Structure formats: C-alpha cells, structure tokens
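As structure tokens, here come the structures.
Look for subunit A in each of the two complexes below; its partner is subunit B in the first and subunit C in the second.
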Partner chain A sequence: MTFALALEQLLNGVQLGFMLFLMAAGLTLVFGVMGLINLAHGSLYMVGAFACAAVAAATGSFWLGLAASLAFAAGAGALMEVTVIRRLYSRDHLEQVLATYALILIFSEGTRWLFGSFPLYLDIPPLLQGAVSLPGGAQYPLYRLAIIATGAAVAMGLYLLISRTRLGMRIRAGESDREMIAALGVDIRTLYTLVFALGAALAGLAGAMVGAIQSVQVGMGEPVLILAFVVIIIGGIGSIKGAFVGALTVGVVDTMGRFLLPQLLTFFVSPADAKPMGAAIASMLIYLVMAFILAVKPRGLFPAQA
Partner chain B sequence: MKREVSINAAMALALLAVPIIALQMGQTFTITLATRIAILALAATGLNLALGLGGLVSFGHAAFFGIGGYAAGILSAHALSGEPMIFGFEGSQAMLTIWLVAAVIAGLVGLGIGAVSLRTSGVYFIMITLAFAQMIFYFAISWPAYGGEDGLSIAVRNKFPGLNTMRPMEFFLVAYGLLMLTLGLFGLIRSSRFGAALQAVRQNDVRVASIGIKPFPIRLTAFVLSAMITALAGALYADLNRFVSPSMFSWHMSGELIVLIILGGTGRLFGPLAGAALYVILEFVLGGITERWQFFLGLILLAVVLFARGGVMGLLAGKARHG
Partner chain C sequence: MKTSLLAISAALMLGSACVASAEPVKIGLITTLSGGGAGLGVDTRDGIMLAIKQSGRKDVTVVTEDDAQKPELAVQIADKMIQSENVDVLTGIVWSNLLMAVQPGVVAQGKFYVSTNAAPAALAGAKCDPLYFNAAYQNDNLHEAMGEYANKGYKKMFIMAPNYPAGKDSLTGFKRYYKGTVANEVYTQVGQTDYAAEIAQIRASGADGVFVFLPGGMGIAFMKQYAQSGVKTPIIGPGFSFSQDVLPAIGDAALGVKASGQWVKDLDNAANKAFVPAFEKEYGRLPSIYAVQAFDAAQLILSASSKASVKDAKAFAAALNAADIKSPRGNFKFNTNRHPIQDIYVTEVVKENGVLTNKTVEKIFTDHGDAYAKDCKK
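Our next item is the complex of A and B:
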C-alpha cells in the first residue's frame, strides 16, 4: 500500500461524501421544514441523470445537459410537491413512506417506459477530461476533483442561503414554527414548494454529475438514497451542518473501509479468505458506524431543535 | 365488529376454497398464487404485530424474511451435500427443524436490531431499521459462501411429516395452516394483557410509563415476535420458489410488506391477508395486461393512501374500533 494509492482512495471518499451531501441536503431540508420523509428523493436524482444524458446526447453539450438536469429535477420536484406531497404533510410517517414508495414505482417504471431498459452513457466534458498529478506521483481524474469543488461550492452557497438571505430566514422560521410564520403573512405553501424544488434540484445535480462516471440507469437513485438516509441519521435529521459532517464521514469511511479492510485482514486470515471477508465487512461498516453513533447519541450528531 | 368477524371467516374460507376448486380443474398455477398470498400474508401478519399493534414502522422486515429464506436454503443445501455446518450439525430438510432455526436466528437478530433501533422513534426508527436491513442485504451479496449475488437453489422442497410438499396443494395446506395458526396467535396476543399494553404504548407511551409500565421491553418483545413470524414466512417463501437470493433482503421487500398491511388495513387481524390477496391479484391481472404494471400499481397505491384510508378492511368492515 503506497501513500499515493491511499491519497487517491481518500479523495474518492471525499468525492463520494460531497455527492452524498447534495442528496442528503435536500432530504434533511424537506424533513426539517415540512416534517416529511421522502423516499422518492432518489427518483429525482435519477431524473437529473436522465435529463442530463438525454440533453447532452441531443445537443452534444454536457453543460446544457447539466442545466437541463437542474431544471428537470426542480420541475419534477415541484410537480411532485403540488400534486402529491402537499397532501401528505398532515399524515403520519407511515402514509408518507407508502405514498413516496408508490412514487418510486411510478417514476422508475415511467423512466423505463420513456428511455428503455438499457443504460445511457454520459461523457465527461472535454474541459474536465484528463488527470492531475498528486503529491506522491499518482494521477487523479480532474473530473472527480471538479465534483469535489462543486460540492464544496454548493455547501457554501447553501450555508449562505440559509443563514444570510430572506428566503433562508423564512426556511429557518418554517422549521421552528410553521403556524407562526403563516400568521405573519408568509405564503407557506409556496415556500414549501420552493424548498422541495430546491432539494430536488440538488439531487438532480448530483445525479447528473455521477452519471458521467457511472452509467445512467433506472434504479440508480436507490442505493444513493439509502446512503443519504444513513447520512442524515448520523448528522441529525433536519440539520444541514449534520448532513455535511455525516456525508463526509460516510463517504470516507465507506471508501477507506473497502480499501483498507481486505488488506488489514491479511494479517489474521489467509489472503484468499481476506478479500471476500474484507469486502463483506466493509459493506456493513457504515451501518455499524451509524449504530454506534445512535447508541451514543440517539438523535444524531447535530440534533435539530425540534 | 360482528361484520368484521364474518368477513374474516369468508376470507379464510375463500382462500381455502379457491385452490381446492383449482385442483379439481387442474389449474396448478392458481394454487401457486394462493400459496403466495398465504405466505405474504403470513409475513405481513408478523410485521402487523409490530406496525399495526405497536405502531413501530419497521422498514427493515425484509431482513427477517431473508433470514428465514436463507435458513431454509442453507440447511437444506448442507443436508443434501452432506457437508457438515458448524458444531458438526449436518443441516436438515425437515421444515419443522428449519422453522425452528429460522425463528430462533431471526429472533436473536431482531433482539439486536430492536435493542438499538428502539432507542429511537419516528422517522429515525423507520430509517435505522431500513439501514440494518440494507446492511444484511449487502452482507448477503458480498458473502460468497452461499451463492453471493446469485443466490442459492433448493433442489427439492423441504419435507413436512405426512405430506408430499412437492405437490402444490399439499404445500399450500402447510402455508395455509401456518397462516391460520399465526392469525389465531395474533388474535390471542391482541386481546391479551401484553397486547393491551402494546396498543396503549402505541397510543401514548408517556401515559403508559406514568402508570408504571416500561414501554421499551414491551416494544422489544413485540419487535422480536414480529421478526420470528416474518422469518417463518421467509422459510416458506424460499420453499415455494425453491430459490433464495439476496433480493429477499432488499428494501423493496420491506416496502412490499408495509404496502400489504396498509392496503389491507393497518392493525386489523385479517388486514394482511386482504392486502396480500389484493396485491397478488393486482400484480397478476396488471401483469397480464401490460408489462408496465408497476407504473399502474404505483398509481393505485397512491390513490389508496390519498383517498382510501383504512384499506380493504376499512372499506368492507368499517372503521377499526381502536384508533
């Protein structure tokens, strides 16, 4: 195990972390403000990826595709909120789970209907192709660094939006007391739709960016969705700061676990056994971390004031 | 209430009558559908104990369903190959032994998952149970000893004393019998002191605590019992398909179980059976019309949640007494 390889894996972990943050931010905002658990968030991620791949294939421009992914995911999110989600705020979590589960079926099968069962491919834009030399001599893909930078910029932007703007103030007010801000004359329905569309756009952006390094296919959102759930549980549901810390924790622990555990186990068992055993334990690692954190802090690292 | 009892009896009889008629007409596939309904209803009855009576929205019951399935698959694989398992145990093809093992293992795992998860509530509980099930799902995929991602075939259906389980009708009777026994048990639990406490905990755990009953052990007991019942269904399901794969652990399975309960009517004794029957029939009918059946299933589910609260049992037998 060389230093360069370890650094590369660490960066991969950070990249996964920022990706997860884009997903988790929307989930945690929607839960924090509206008290809604949205399983269909992964579908919005898929919508973003498909919009980007389709538009990029039609126009030949990744950047137009990226813009389309934001627009389509936000649009799909707003549509979802106005037609279905809005009716669920007053329901209990069980009904929210079921309704958004139904939405997943509709979105997945609908996408398969439109695009067929074969995965689409999305090329990395020419500007971001190539690699950068890391200290230690390894080459690291520029595109992945760009994902990290985008994630960091979005995190910063989201922080400024929530803490410095009027919209952010209303979102925070909506989190702590929705009747009160409605009484003060804020149009709470529009605010909810906006928050939902914002979360959807972030998920769509994540989907589009990941689409260029993996294949774009139906069902791609679900594994990410579940990781995003782990993220917001670790971070504390409703907290953007928690989502950020949780996302990076999950990204790095998961990636480094898969990289290090099989090697560590060679000290204890034969190399032939170490690989599958390491892989099996590594795939469970983040859930063990989550269980540990919850055992110590049942409401996550940064519990939002409820 | 009386009306619900007669509807329940009618459903129990219908589930028995349909395969008997199908057998006379030589329609084996209908018997398989009825068996599927009985097994899914059994799994959902397990979940109904935690979710319906206890208000514990577990989104991870696929874990127990899969454990049951793998118990059947692994034990029979060892019995066939003659390769001993741990402690020199040679595996088994006897359903009764398999059920025992499945229930005990699922109970122990349920105890572990429950002990951690029940420290939380609400959305945290939903997500943490989901996460634990995913953990087991990924373990099953990456653990190569029993087929890994490809799953494990069961060459011959496991055996039940006095019956030939390879005949669809006799296997159906096993599933049906177990379902009816479990529904009886569910009814007993619901009207017992424990059941009363469990439902009180769902309605208001602070009040229950204030009269001196600790909610945690009650919830944990319900969760473990629920896990054990769902595991039995998993073992039967593996025998029905003669195949187990990690998809039994997938979160779609957990979602499906919740869907069955809500379709049928949450907390109702025969809700899971009504839900499973409707679900399997819908799947069959829609699947015959279009290959996009999941799309329409989604629309129907959405309509049920938004407009038909109380599910099938709510429509047929009126509102539940408790609430």
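Our next item is the complex of A and C:
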C-alpha cells in the first residue's frame, strides 16, 4: 500500500463524513430541540436532489439547481412541520415514527408520480469537473474536494449560528427548557418551524450535491438516513459537535474498513473466502463501532444536556 | 412499420384462432412498481402488456401487483394470486432473492412460473423444476460473455460486484471464461452509493481493464464517480449495468463502454425490427433488455396457451418448451433445464440523435447455454 493510496482513501472517508454531517446536523437539531424522531429526513434529501436535477435540466445551470434544492427542501420542510410534525411534539416516539414513516411513503410515491420511475440525470458543473493532483502523485476528483469544503463551511456556519447569534441562543434555550422560553415571550412555534426548515435545507443541499455523483432516484434518501442515525447516536443526540465528530468517524471507519478489511483477512483465510467475508464484515463495521461506543458512553460521545 | 406490426398481430391471431377450444389463461404479474427498482418493473410490465395487446387475445387476462422489491410481500402476493384469484401462470419478478422466495411455493402448488429476469444458479441445476421456465438467461451468462471478451485484449482485470448471490454468480461466471490474471476481486455492499474507496483501489491495482456488475442505481453512481476520478482504465460489464433504463441517468460518462447482451436494439431480424418501434410508439421511450425479456415471456405463454390447455400441466409444459415464438433476440430455444440457449453479443454505448443507446459490436457466443443444465435431472 502506497502513501498516495492511503491519502486518497483518507480523503474519501473525510468526504463521506462531511456529506453525512450535512444530513445528521438537521436530524440531531430536530431531535435535540423538539424531541422528535424524523424518519422523513431522507425524503427531504431526495426532494433536494430532484429539485436540483429538474431545475438543472430545465435551465442548464447546476448552480440554479443547487439554489432550488435549498429553497424546495426548506419549503417542503416548513410545510411538513406546519401540517404534520407540529401535531407530533407532544406524542410519544412510536407515534412520531409511524407518522414520519407515512411521510416517507407519501414523498416517495409523490415524487414518482411527478418524475416517473426512472432515475434522473444530474451532472457536475463544468467548473468542478475533473481531478487534481495530490502530494504523492495521486489524482483526486475536484468535486469531492468541493463537497469537503462545503461541509466544512456549513459546520463552521452552524457553530457560529448556534453559539454567537440570538437565534442560536433561543435554539439552545429551547433545547434546555421549552416551557421557560415560551413563558419568556419567545414564539416557540415559529422557532420550531425555522429550525425544521434549516435542517431540511441542509438535507436538501446534501441531496443535491451527492445527486451529481450518484443516482437521483426515488428511495435514495433511506440508506443515507440510516447512516445519519448511526452518526447522531455515536455523537450524542442533540449535539452538533457530536454530529460532526460522529460523521467523520463513520465516514473514515466505513471507507477504511471497505478498503483494508478484505486485504487484512487474506492473512488468515484463503483469498477466495477473504474477499466476500471482508466485505461482509466491512459493512457491519460502523455498527460494531456504534455498539462499542454505546457500551463505553451510553449517551454518545457528546451528549447534549437533557 | 405498421404493415409489419399488422402482419405479426395477424399471425399471432391466426395462431390463437385455430384452438378456439383452449382454456382461458390468467397470468399473475408480480413485479417491482414502487421504490428505487421500479424502473425495471415498469419495463417488465410494459413488455408483457405489449405482447398481449399485439396478440389481440381476449382469453388471456393479467392481474398485476407491486412487490415493492420485498421478498416477504412477493410471497404473500403469489399465495393470494394462486389461492383466491386462481391464476395459472406467474411471472414478472425482477430480483433473484425475491424469486428464490416465491418460486418453491408456486411450483409446489402446481402453477407455472415463467421468469422474465431473475435466474439464480440454484434454480438452474439440481433444483430445477418442470413447471419453472426462464425466458431471460441464466444469471451467469452475460458475465461469462464478458470473461470471454476480456480474453481478447485485457491481461489483468480488476473485477467487482455487490456482495449477494447474483454478485457472486457474476464474478464466478466471469472467471469461468477469463484466462488472464485477476488483479483484484472486490465485493461491494448491495445498494452502496459511494465508490470512492473502490475507485482508489482500481487506480492502485495496475489493471488494464475493469469488469463491474452493478445494476440499477449502483451502476449510475459508480459510472459518474469513475468519470470524475481521472482513472482511465476501460470499463466492461454485463448489459444490464448499461441498459436503456439507466443510460440517460449516467449520461456521457457511459460512452464507449463495452457490455454484453442477449438482445441489442439494432439486431437485424424481423421480430426486432417490429418490436422496437412498436414499443417506442406505445410507451414513448426505447425498450430496455427487461422489456424484451418480458415481451418474450408473454409470447411464450401466449404461444403455449394456443396449443395446449393450461390445466394440462404436461401438455402446457411441452408447448412452452417448444418455444414457438419469434423473439426480437433472434435465435431462441430452451435447454434441458428450461433456461434459454441463445446468442450473446458484445455491445458498445453510443449516442444516436442525442440519445444514449447500445449498438452491436460482435457476436461473442453462438447458441450459448449454461453451466448448470447438466445437473438438472427433472
């Protein structure tokens, strides 16, 4: 194994981590602030990807598509909050899971009804096409570096928003004591809608950016949603910092596991068995890591105060 | 085009007219019409419906249900169709894992199953069944063709497939014919969307060719990411990774890819020249390989039911086995294990009038059967 390959794989892991962070940030905010389990978060990711693909196809501009993905996902999120989610805050988690699962089905079939059953086409903008050279001689796709940069910028922005602004203060206050902040005259309903729309916009952004290098199709959000849940459980539910560390952990562990485990196993079993066995263990690896972290720290790495 | 269509439907009607006494046939169509895999199910359904519409037969009815790509749901639907809707023949399942769940119950209840796509090795060999026919291929076939093709120019191949039965069948099939060196063999997760780790390994492997079997959305994601990676090693793969249902979503990244198929849009035979425009006229898009396989499955059922009563299992099986159809694939007949013996072609992705599609490069296998037929004793 050369240095170039190791560096490339590490970058791949970090990139996957930043992408997961965009998903997990919204999920953990909604859970932390409102105590709501939102299974339909993956649908907002899909909405972002479809909005971007449709607008990019109509106008020829990926950037307009990206703007549309933010607007549509935030709009869909706000609409979802006002019509359905708002009624679920006082219910227990099982009812929230049922209702948001129904939303997944509604969004999936609605999207198929609008766009058909076949995957849509969405290409990378010309500005970000191609690969750049890394130290050590490896080539790395420019677009993936752009995803890392976007993820880092969003992480920074969220940190500043939560710790330095009035809105962030209210979000933190809402997280610690909902009745008290309402008693102090803060419009908690609008605050919740805002937080929900913010989380939705981040999911939409992730969907649009990833849509350009994956398949824009119905049901694309659910596999990512599962990973995002792993991330927020590892990181500690409700914590943005936890989501950040959790996302990078999952991204790097998953990528390195897929790459190293099948090779490692060839030392112990025959190569013919090692490849499928390694792949199978690699696909379990992040769940093993999650189980280990929960055994040591049952509330995750950075639990938000309850 | 119209005249040839008319001629075909007239011929089919003649076929049905001479056995006015035949029993009516009820077909149970179970396929994937929702979720991420729905594109394949829609093509399957449309292929079957086109064949029935062209035949003009009023004694053939179809009940359709969506399996949502879930094995347990497919089993429930199959039981319901057999027990309360009295279907005679079941068909349409796209995925091997679903078929493995459904097929035993169907044949145990004495009903026919004609597969439009799924063709796991387990049902082609010792566990074959007189009531189970496969109109598509055996899972290994298209991979075997690529293994044979790779012998012609690639000394060192990097091979990759998802970690599930059809994925293992794929790499087994490839290696059965490929005589060069396998640089690395990688199994990915089913439904995986990010291939950066695998692409890095391709770059590092020093292989001069890459064989990938990644159907549906997995292939779309891989091809788009590969095009951005700066790795230039040529890609080859089985036809369904570059079929008409996924090509528009991959875009120009697929141009030039060599793949294998038992059917290509430009095959030069009368049945194909009638089929492609007829499908395009009916549904406003080009047919995929799944549509052709389903079209042939329906043709087989139509042909058999015009010769024998479906209530007489032995006679109906013999009539199916005769494969008296004009397939858009050209040569088509059944092997001893009731899987096809057919020609397999190498294709290349090209752009025609702004639409990505496949064209024939060469015929790689003539009258190709499968490796499991010898174990089928039933």
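Here is the rule we go by: the second predicted complex is superposed on the first by the 306 of 306 C-alpha atoms of A that agree within 3 Å, B and C clash if a C-alpha of one lies under 4 Å from a C-alpha of the other, contacts with A are read in each partner's own complex, and residues count from 1 in each chain.
Rule of thumb we're sticking to: a contact is a pair of C-beta atoms (placed from the backbone, for glycine too) under 8 Å apart; a residue touches a chain by one contact, two chains touch by 3 or more.
If you're wondering where the values come from, they're calculated on a predicted model, not measured in any experiment.
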So, on subunit A, is it clash or fit between subunit B and subunit C?
clash
Once the structures are superposed on A, label A:V55 by its partner contacts, choosing first (subunit B), second (subunit C), both or neither.
neither
When the two structures are overlaid on chain A, which partner does A:V230 contact: first (subunit B), second (subunit C), both, or neither?
first
Which of subunit B and subunit C A:P298 touches, first, second, both or neither
first
May I ask you to decide whether A:L202 touches subunit B, subunit C, both, or neither, giving the answer as first, second, both or neither?
neither
In the overlay, answer first, second, both or neither for which of subunit B and subunit C A:V252 touches.
neither
Looking at A:M220 after the superposition, I want to know if it touches subunit B, subunit C, both of them or none. Which is it: first, second, both, neither?
second
Figure out whether A:Q129 sits in contact with subunit B (first) or subunit C (second), or with both, or with neither.
second
According to the stated criteria, A:S108 is in contact with first (subunit B), second (subunit C), both, or neither; which is it?
both
Partner chain in contact with A:Q9 - subunit B first, subunit C second, else both or neither
second
Clash with subunit C (superposed arrangement) - responsible stretch of subunit B out of 5-13, 59-67, 149-157 or 293-301
149-157
The intersection of the subunit A residues contacting subunit B with those contacting subunit C is 108-109, 112, 276, 279-280, 283
The residues of subunit B that touch subunit A in their complex are 51, 57, 59, 116, 119-120, 122-124, 126-128, 130-132, 134-135, 138-139, 141-144, 251, 255, 258-259, 262, 266, 292, 294-295, 297-299, 301-302, 305-306, 309
In the complex, subunit A touches subunit B at residues 31, 37, 39, 84, 87-88, 91, 93-95, 97-99, 101-106, 108-110, 112-113, 222, 226, 229-230, 232-233, 237, 276, 279-280, 283-284, 287-288, 290-291, 294-295, 298-300
Show me the residue ranges of subunit C that touch subunit A in the complex, using the header's touch definition.
33-36, 38-39, 41-42, 163, 168, 185-189, 191, 193-194, 196-198, 200-201, 203-204, 216-218, 220-221, 224-225, 228-231, 245-246, 248-251
For subunit A, which residues are in contact with subunit C within the complex?
1-2, 4-5, 8-9, 12-13, 15-16, 108-109, 112, 117-121, 123-124, 129-131, 138-144, 210, 212-220, 223-224, 255-256, 258-259, 262, 275-276, 278-280, 282-283
